[in-house]
Amino acid sequence: MTTIAVVTGNPKPASRTHGVALAVADAVAAKLERPAERLVIDLTDHAPRLFDWADPELTRLNGEVAAADVAVFASPTYKASYTGMLKAFLDRYGSNGLAGVTAVPVMTGGWPGHLLAVEVHLRPVLVELGASVPSRGLYVTEPELAGLDAAVAKWAEAAIPLITAAIKA
Amino acid sequence: MTTIAVVTGNPKPASRTHGVALAVADAVAAKLERPAERLVIDLTDHAPRLFDWADPELTRLNGEVAAADVAVFASPTYKASYTGMLKAFLDRYGSNGLAGVTAVPVMTGGWPGHLLAVEVHLRPVLVELGASVPSRGLYVTEPELAGLDAAVAKWAEAAIPLITAAIKA
Amino acid sequence: MTTIAVVTGNPKPASRTHGVALAVADAVAAKLERPAERLVIDLTDHAPRLFDWADPELTRLNGEVAAADVAVFASPTYKASYTGMLKAFLDRYGSNGLAGVTAVPVMTGGWPGHLLAVEVHLRPVLVELGASVPSRGLYVTEPELAGLDAAVAKWAEAAIPLITAAIKA
Amino acid sequence: MTTIAVVTGNPKPASRTHGVALAVADAVAAKLERPAERLVIDLTDHAPRLFDWADPELTRLNGEVAAADVAVFASPTYKASYTGMLKAFLDRYGSNGLAGVTAVPVMTGGWPGHLLAVEVHLRPVLVELGASVPSRGLYVTEPELAGLDAAVAKWAEAAIPLITAAIKA
């Protein structure tokens, strides 16, 4: 069994960003040889406790994500970077807390202008935590959300073979 | 009257990072022609409400910082970047929410290896919010904290003339 | 007399990027109290000698730019960052080689997607060299080039007061 | 046969940076199931022609690197980033010019302070060119050069399994 975690850091519940993250997880799952189990976390459900480092539920979730084979980390673009909410969850990890995880950074934005945030801001955090990020991240703009399947499929063509190869590493 | 705001995003209260931020504010105040008023915010005091965008106290604090002449934004280095806690406060601003503010990014870290986070991660967030960041940011390592005055003075020599000039712009 | 240097790192001579840099220099000059002298360098004229660190002409140009009050550094976007040509010129400086210079980073690109390169890639190089970068950088997309004056004017409104204040610092 | 390319962008010939890049290539080769062929390029040998986009030798070298299975791209740290020389070689590629290549970013620096340049500056260029960068990059400081084998071995433990898995993708 392969586990794919989805972690979305959007203050709005059930956001479109979360929808993109779930679509990415589905696209990865569809290409796996083994059936995949999904672990889905919408951080807004845990907002008031994110900075409480002793919170048992968040500690458990941190552990489950660290044990996943693949983890999709998704954020809307706030102030040309990832949200404080997503970073707050990642800050809870110790050094190399995502070692062994194949990570996929995903961001959404109103327009293309902040696209580089995926590679220069979000990916380095995941690499610092010891995750492998073998593919490009995915940045989806608001106009592209209407054709989300096409946007994900375009990204998936080059990205998913790299992700599935990394799982086996 | 010139107002200097200090905003520290460290989950630990009264942290050494907060001490560095206060020392930077003092160094700026000492070079102003007019007396300075200080506005000091330790975000850990507001942690459970940072993602509640209707919270009246945080909304008030956001407004007071935006009205300051100079604002020092300080964070320890977590995962090779600023904390989610600091970003959560900055995420509460609307577009160009720090226009007219002269901002000073400050970070502390265990070792020099993450020094560039000040310029490549924290500063771009402040620029995106419309602040002017005319000087280098300051990154202080743990060994340097023992001689904090010297570390701040070394940075201040080139930085503070640029900061005071920007206040008048 | 105030000196404004323009340095463009585009392999194509007399490029549109160079045109944007000149327009930025004009916009700054128009707001100065004193008349401005311009120093214009199109690096493509010096391409074969950029890595020859003993080249007397380039050494002279490096020195003249370092002595300018304001310097506009312009590059097209290549591979989501500044060009190797512009960086080659900047690499010739010693530590803090642009101390005392107020710098303006300018980039052009085919589309908005690489806009953040100005703040996360080009600006940190100028800051590392000791320059002050008090304003936002300017990123102009190909469609905006048709209305270049408007694009520059929009940027100039907030940027130029910060630049002129920094000159006097 | 697996091909490992080494491309070093250091104005000094036979630099220590080049030595680090060769050691990384050796470490990768030692873990391959098949024998590896090496393609070694010291860009300083081609400096005066790097901006001549019609140069036949450089065009050939660009093509050979793009056809390699693994490519190590190495640069000393100049002005807190990669060199203009390395970027000049990468700028010669068209869009997605390194698709299918597993890339390893390597930088050397006088001290740890610019370590993040590997992840925030060099890696995004390689990703933009379509390369897969599944492992952390390697940053080696001058004091570490004395024990280069140890520095490479420490990095290799987590990195090389990810690199060899990506080759097969």
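Letters are used for the chains, namely A, B, C and D, taken in the order the chains are written, and counting of residues starts over at 1 for each.
The definition used in the following text is that a residue touches a chain if its C-beta (ideal position, glycine included) is under 8 Å from a C-beta of that chain, and two chains touch if they have at least 3 such contacts.
These numbers come from a predicted model, not from an experiment.
Peer 1: Of all chains present, which has the mean Cα position farthest from that of chain C?
Peer 2: A
Peer 1: Would you say A-B or B-C is joined by more C-beta pairs in contact?
Peer 2: A-B
Peer 1: Would you mind pulling out the distance in Å between where the CA atoms of chain B average out and where those of chain D do?
Peer 2: Here chain B and chain D have centroids separated by 37 Å.
Peer 1: Counting in whole Å, what is the centre-to-centre distance of chain A and chain B, each centre being its mean C-alpha position?
Peer 2: Whole-Å distance between the two chain centres: 29.
Peer 1: Can you list the chain D residues in contact with two or more other chains?
Peer 2: Residues 80, 116, 119-121, 124, 128 of chain D touch two or more partner chains.
Peer 1: In the complex formed with chain B, which residues of chain D make contact?
Peer 2: Answer in residue numbers: 80, 111-117, 119-121.
Peer 1: Which chain C residues qualify as touching chain D in the complex?
Peer 2: Touching chain D from chain C are residues 11, 44, 47-53, 78-91, 93, 120-121, 124-125, 128-129.
Peer 1: Show which residues of chain D lie in contact with chain A when the two form their complex.
Peer 2: It comes out as residues 99, 116, 119-120, 123-124, 127-128, 130, 132-136, 158, 161-162, 164-166, 168-169.
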